[in-house]
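I have placed the structure first, in the form of structure tokens, so that the comments after it can refer back to it.
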């Protein structure tokens, strides 16, 4: 795929690594970039050290995964070696952050912005923790408030990552746009769900409930991107269940400007980025269209550019 | 499976046919009963004639289905031949109803109650129509109001059918219980989702968005039943993605008293009821337990009976 | 199956316009198939409806459409290269008997599902085809088999209906003490199929007919197509004598799009709107 | 795979208690397997952790557990008939060379993944095994092969560490102008594996070692186990010399459960809590 300009930054292609997938250190982020990913996202960084939940935390169901990792994080100010390693990077970086309160979001955002990532993504949508994040993503006012507060303290473009649990995700996206978000990322995991082992007679995940990802949530993700596209005019990173070039085309047609992948790494390896790039390029060539031309194509009326 | 008593009525086994699956006439309802279903549910009956959406309305995705049938209904008072055929029935009947307003729910419920079904199920959860039902299922007060109003005008036990879209499904269930519901049925379809055909460059469903059902939503259904079990003490009909005896065991352990199936008919035919009965009986025998003993088994503390 | 799940978008490869109402669309695509099965044809932005396969080879299949209403008129106006969505095939298909003593009775567009069947039956079959007028006789030059034609206006073959010829042939075999039909296959208006069934019953001849009902899913879930306790899309569309005997709604009742059960005549009227 | 997706609950078939810390759990279950692969062991209500397969036959497999912390202590206290959850196997496994000139170097419980490898290698291999004391030498009577033992206290075999013997053998082969090792396999404490690697590098001998990191998913998604730009659960746990050379974090850095990168010594301390 050809390079794209996204919020003023050059990306070598329109594929994005989803937050929480591999992105735990500079080495692996660089490798994913080398493997064909235009924009790599770090695992969500929180205000203080947090171990996350005990195992089992991530289970593959075949047509998707369920996870309750529980937002483990070293804490933004315990990552010196990582920030240092990343400072010499040769690839664009999306730093995902979260907080349990507006103040924590601001505190983390201010620090992370100083580390100079290309973008900051606020995870206002994670369902795996009792206290963290989710509230902001299902309530318009809270989404506005946190986006607005973070926007004021950072020097890089802001991406708001949303949850499909919102009763009207278009409205949440609009609130984020109004508050100054430069782009929307959708979706975080769906559900939540639970799987019970009938021999053990208990939920398999230690946290009991977990978020759903992978192929089985693609219809939900496509619907969300479609709704958001109608609600806002800022660009959208569409993700949720994408594993092939055709899935990416579907996301573009729903209205995505970039397409993210997470669980796909389970099904096709890190090579999935190169593979999807190739499949996408082939599809566009075969159909004599450009990526630009298919963005929003599934809508009756598209945005006028 | 052995017979069970549910809200004072005898059912030959704990399996339920989900509303909207086949249940369009007396002949097929009887056949599903003969094929091993303890309680058959009619397609949701509405206040007036309604064609539903154009096709495509139901698409199989392999690991589940997406549908936007659009609540077609002859209207409760255009079903004379059906009510007559059902009056001579030899099987217990669950009549599902819906309305666009509290008044419509009451109107349909009053009439349907006079036809003498064993149970009335209120569908306060259908996502496939702009105007019908859904609002009641995501708002505690509305859920209370409609349940309470219907309860006053009917002479048979009342089942409230809920949507997983509720931000806290346990609270909705509690509101229904408080309003007089005799049981909860969960879940209706999840999502909504959308699938876009990239060659046609448009959503496949004529209504664009549709509800998700079948295996891919089982984790969501299990989580909902689990949450509801902790919130109420009335029995639960658990459904969503059940296709095997082991799936049914999982639903019982989450807290279900009866287990429903809909999409399973696509994957294993109408015979799925007999098959699941057998698988369920075998599992219980192998494990030296009864169905009663496993209900709620996945909870740390179970209801005291 | 080419598209068990979401519709597969494929190009119309070729089109044959048989006359003012019948058109066949051909698709160069491999598909699993037994005569009598149908596919769901999706015209994006319009609707999706079931059509029987009227042509079949390992690399190509065709469906023959009678332009009647909004959808079928759009379908016959397609051009080669146009993309349409195909799901299927669905349904049970005909049970093919190897006996030389079979009859195939087609009424109008009912020829569509029967055509691929005819080529699988013993060449000695008795093949009867009726239509309004000569012009509406489908597949004029398609079969090596002898075909007995009837038309309402006598413009070709016998002036009258297909059951005239079938009754005569059955009578003939009885009187001449010849081997009676081992199976009669019929497709056409439901009233015609009912007449064929009644005739066969009175001579204890087994028959199979292909029914039509409004459909949504095509795979036995939504209940739109139920006919008595039968699900037309999965139990059928082909039903045999034993099933027809117990099918209270055969030639009597059908469900409208709303699910309302109405007399078959009302159903036909509704479809005419 | 027996349980690619959700854990499969299976019974502990048999238990061998080797000594105060090492216990082997056997499961009578068919599993796909290459030496070096691991499974995730779930003790419902406790936790889930990775363990290498230490025994393998087409109908039975075993894992050998060192009782160290909360989880492993619970695991070694299991009884036959107890149900545990198994997911896997995961990981790449050792690349098995057919040469008679190989060495296997095990430190403590590092013997576990190496044991099924030893039986697949040429019988002339050089097999070195070190432990704290005589008592901690795993699988005392398991191998027909000669095993060179080292103990920290000299209670059995050579008093010292495994690299003493490996260095001597490499030296011997060099001096005697014998065929040098074509491959050295090692598993044990990371510091030991690093010593083996360094030794091999200085003699240009290729080696493979099996690394250990905190794991969650086991299938390359969550990133808990990353070591430099390598994903231990899917790229590894076995890595060869070429990979080790470029692996900045080898014997240096590991991620805690929180994802925090710490010096390996801190990681070990954390695991000791």
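Just so it is clear, A, B, C and D label the chains in written order, and each chain counts residues from 1 on its own.
The working rule: a residue touches a chain if its C-beta (ideal position, glycine included) is under 8 Å from a C-beta of that chain, and two chains touch if they have at least 3 such contacts.
Here the structure is a predicted model, which is why all the values come from computation and not from measurement.
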{"item": "Graph distance between chain A and chain C, where chains that touch are linked", "value": "2"}
{"item": "Where chain C and chain D are represented by their mean Cα positions, the distance between them in whole Å", "value": "67"}
{"item": "Separation of mean Cα positions, chain B and chain A [Å, integer]", "value": "34"}
{"item": "Between chain B and chain C, centroid-to-centroid distance (C-alpha), Å", "value": "36"}
{"item": "Chain B and chain D, separation of their C-alpha mean positions in angstrom", "value": "51"}
{"item": "Numbers and ranges of chain C residues touching at least 2 other chains", "value": "none"}
{"item": "In chain B, residues with contacts to at least two other chains", "value": "61-62, 195, 202"}
{"item": "Chain contact topology (line, ring, star, complete or other)", "value": "line"}
{"item": "Full enumeration of touching chain pairs", "value": "A-B, A-D, B-C"}
{"item": "Contact set on chain B toward chain C in their complex", "value": "20-25, 27-28, 30-31, 43, 49-52, 54-62, 65, 67, 69, 72-75, 78-79, 81-82, 195, 197, 199-200, 202, 204, 206, 262-263, 265-266, 269-270"}
{"item": "Interfacial residue positions of chain D with respect to chain A in the complex", "value": "4-7, 9, 40, 42, 44-45, 47-49, 83, 85, 87, 215-217, 219-224, 226, 228-231, 234, 248-249, 253, 255-261"}
{"item": "Chain A - residues contacting chain B, complex", "value": "61-64, 66, 138, 165, 167, 190-196, 198, 201-203, 208-210, 212, 215-216, 218-220, 222-223, 226, 246, 249-250, 253-254, 283, 294, 297-298"}
